[in-house]
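Sharing a structure here in structure tokens format.
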Amino acid sequence: MNNHYAFIGLGNMGLPMAKNLLKNGCHLSVFDLVDTAMDELVAHGAVKAESAVAAVDGADVVISMLPAGTHVQQLYLGEQGLQNKLSVNTLVIDCSTIDSHTAKTVGQALAKNNIKFIDAPVSGGVGGAAAGTLTFIVGGDKAHFDMAKPILEHMGKNIFHAGDLGAGQVAKICNNMLLSVLMTATAEAIQMGVDNGLDPKVLSDIMLQSSGRNWTLELYNPCPNVMENVPASKNYQGGFMVDLMKKDLGLAMETASNSKSITPMGALANSLYKMHSAQGHGQLDFSSIFKLFQH
Amino acid sequence: MNNHYAFIGLGNMGLPMAKNLLKNGCHLSVFDLVDTAMDELVAHGAVKAESAVAAVDGADVVISMLPAGTHVQQLYLGEQGLQNKLSVNTLVIDCSTIDSHTAKTVGQALAKNNIKFIDAPVSGGVGGAAAGTLTFIVGGDKAHFDMAKPILEHMGKNIFHAGDLGAGQVAKICNNMLLSVLMTATAEAIQMGVDNGLDPKVLSDIMLQSSGRNWTLELYNPCPNVMENVPASKNYQGGFMVDLMKKDLGLAMETASNSKSITPMGALANSLYKMHSAQGHGQLDFSSIFKLFQH
Amino acid sequence: MNNHYAFIGLGNMGLPMAKNLLKNGCHLSVFDLVDTAMDELVAHGAVKAESAVAAVDGADVVISMLPAGTHVQQLYLGEQGLQNKLSVNTLVIDCSTIDSHTAKTVGQALAKNNIKFIDAPVSGGVGGAAAGTLTFIVGGDKAHFDMAKPILEHMGKNIFHAGDLGAGQVAKICNNMLLSVLMTATAEAIQMGVDNGLDPKVLSDIMLQSSGRNWTLELYNPCPNVMENVPASKNYQGGFMVDLMKKDLGLAMETASNSKSITPMGALANSLYKMHSAQGHGQLDFSSIFKLFQH
Amino acid sequence: MNNHYAFIGLGNMGLPMAKNLLKNGCHLSVFDLVDTAMDELVAHGAVKAESAVAAVDGADVVISMLPAGTHVQQLYLGEQGLQNKLSVNTLVIDCSTIDSHTAKTVGQALAKNNIKFIDAPVSGGVGGAAAGTLTFIVGGDKAHFDMAKPILEHMGKNIFHAGDLGAGQVAKICNNMLLSVLMTATAEAIQMGVDNGLDPKVLSDIMLQSSGRNWTLELYNPCPNVMENVPASKNYQGGFMVDLMKKDLGLAMETASNSKSITPMGALANSLYKMHSAQGHGQLDFSSIFKLFQH
């Protein structure tokens, strides 16, 4: 595997991811529009670049972590895009969560220049990024996936190959759409129990050991004081923000629309999360959807 | 604990449950409107009674397993009801899945005659009843629960105490409402992946190891041929029928209505299962809701 | 037609309805648990009774207007019920909005004593009751309907015969379930227009003249300042309270449950109105559901 | 006003619209990829053009009626686009139903070349197009709207100015989203009545005169044999196809997504129409959603 990496996009997620690469001995050129993030990485051994183009100069692997599809499209295919700057055989790993259509468009355009591209969105949040325990869900050629895997293992724990180009984005968005429904339905079931006099902890335990079992009951109970150290027991601070779930549900609805998929549950969760955000809870953890059912 | 039990209601569930009691050495008087079920149990050592009243004569413990709340109300509080036939201190274990209101009404009426009553609905289906691996979710006094537990362990594996009278019914219906949403949302997420070119098995594996994890992905995948030996891979035969889930969702909606609970997800699942049944799929396993999303 | 009426239940609706009967020259005995309402009617010529039983003494027609099904059942079929007090051939007009099951039960029980019963729920609210412009939606024998019609015309403008016993309740609840959806969907469509830069008045005018036309756009626009003199332009004061719509949607869900009807739209409106009420808006006019879509 | 018009896009809608212009004495150059439609118009006095570019040569007004946003974008802004072929001050009237974003993009691009553009989607279907009774909902400068109005009056009856560029598309899609909910909710309310023994005609009449009144009850009852001459009474043949409503709901969801609008009712209608189409009913009239509630 190669030695010279470029990392572009050093936000809440990108910065700790890049740090983990440096910790694991990778040589890294970094670029972000914000200087302070770059300066912090220089202290860990990174080389600060003046521009994205400068960052990728001589790089064998390029990793990007950007907020939305338009940024990714712009970075690679825009007027000053990397499309024409990258060397043949460079491996591009885009870790942004974007629509699969853009991922495919970028990947296919780069392929024409013999540049390898995989879409590799993550889950696990800022905590997972810092701890190096992210999950990567990858779309693209199996050979490219195999090349990327050891690199991704510097930043994450579970590395999945979901399928061809764009499949990483699709799988992530299917998972997060499902998660939004699990959280909402678990919240409403627990509240219905409480409304009928049950102890939420007792009910949660029963459902966890029965057919209602799901990730939110295991690790992320939305009802305050059922579990310790979850956002629900810390006034819904920390965790995965409502507005980020709203963004993912927006991508899910776009995906469903393009593929003519029928998603009544996802669409309802989308409406409820939008409502919840509109009522001023966009910055709370997404388990705060529990509030919508209290009365 | 006592030795003389009465078992009333020997349908698909009651019959194998009674068998397991006999296997474990219990003395059993049995009654059902259908003779054949009683005859089968006589072969296993049961005493066949002419009526419910005859069956409970001399019994210390009465177990009932009936289709709906009206039957339970009728059995205990009707004109010929057991209310006035049971000895003081008899323990009544009603395993029927009914509304918690009726469970409370019956329990409170029996309490006036110093008869102990717990509501103990089960999950696990016909298979679990035969194997003696049912889950019992019990409402009632802790002391009565403790008396019932060793008896229930002859028929089941997990025995939960959910709370006071009626709490067993509430907890079960919360769980099953949640389950109906898990199944529906998992089905729509998998189909959205398939619509975008993903392999349903690969996507299911990824979600199972991610935050979309839930009981249906673990044990009961709704997409044909992802798992072996689940109804989805056997033309949705066997398992838990759509019309039984529809019944449980009806109870959930009634419960929500009485407690003013807000259950948008459960209500949507209720509509979708009713639609699915109306389209002729009432006898299929409930994972067949997957069909609603195929196109 | 007869001359001696009894009127039982003199709340916000019953009081102005009884006044209109008095204005139209009817002889009225009245009863309510609250004295002041009776006193007010005495000033208009009514006879104040000590009890419901006393009120119906000698009456040919009994009109009742009570909050819920349990009250109606209690009044007619309870221990001190009118069932055994009313003369043969008395015409009972119950104007309460209750479940059709109770309406049928009461009507059938009275029929055994040769007492005529119709269910005649109203729409039009307190304003319509005062103005004598209520709509009555009646279930029961056509002959009984014909007898009641001239009496109801003292209190209302539109008198419909919906069908047999209970049909008045069913038709009213179908209408109000539909209304809740019209209001909610109109609100969300207008807000979507506003979100895209449209003037809500212009958009409302266009939809009113197009296939989106409905009663709310005609008479009751939910967006502030599109229409004068509607609750939306008066901080959602007055009109038909959210909590009353919530009550009607509860009846609709109960009706749907009993008849196995599939009502996804009504169920969603039910969830949204419950949510809206839980957020502290139960006393506002029901067009305030518009707030749920603002952001 | 000018005399020389070009009409591009002569499908089910465009063809009868162009005929009406010819009937009203307009001089028309026409173009479509399908020859037969042009030939039919030549018989009515049109000039057949070899290409879109040829059709607009010398035209003062260009009218287009195309299936989707990509076609409109391609026609005006594509490589061979009319953008650089149209004379300064040409008035472009695009009658296609497309997303408002594309309408704005095209209008703004043409404005740079001093070409006037309005988006003018229609409602009223093939019948309205033939009869010249379409409704036009127009976005763009008021001055351009005023210029277009007499031309549109050759083809339609109601001509609305919804607001700035793109507002025609927004207003139309708000209206049609609302319509889809009216139809679905009316269908479910009528079926709930029927499930409870009511006559659908009687119930429809009552709701039509009550607060459930809406366009579908007035003109387009979804229950068979309640109204004559509507699709519901002709096996759901004719009218406005399910798949066209599905297309419009897709645009509505896209619009909502872009404007962060909260549309739970529209989203549910979208899911139900997709389901209905997936079950093989895409070619039926959209009032056939009634079938989803029958059981």
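Per-chain residue numbering starts at 1, and chain names A, B, C and D are given in the order in which the chains are listed.
Criterion: a contact is a pair of C-beta atoms (placed from the backbone, for glycine too) under 8 Å apart; a residue touches a chain by one contact, two chains touch by 3 or more.
Everything quoted here is computed from the prediction, not taken from an experiment.
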Longest centre-to-centre distance from chain D, chain (CA-based): B
Rounded Å distance between chain A and chain B, as computed from the means of their C-alpha atoms: 39
Chain centre separation in whole Å, for chain D relative to chain B (CA means): 52
Chain D, residues touching no fewer than two other chains: 260, 262-264, 268, 272, 274-275, 278, 292-293, 295
Graph class of chain-chain contacts, one of line, ring, star, complete, other: complete
Of chain C, residues touching chain A in the complex: 268, 274-275, 277-279, 292-295
Touching residues (chain side chain B, partner chain A) in the complex: 100, 123, 135, 137, 158, 160-164, 166-167, 170-171, 174-179, 181-182, 184-186, 188-193, 195-199, 202-203, 205-207, 209-215, 218, 220, 252, 255-256, 259-266, 268-269, 272, 292-293, 295
Sites on chain D touched by chain A in the complex: 250, 253-254, 257, 260, 262-264, 267-268, 270-272, 274-275, 278
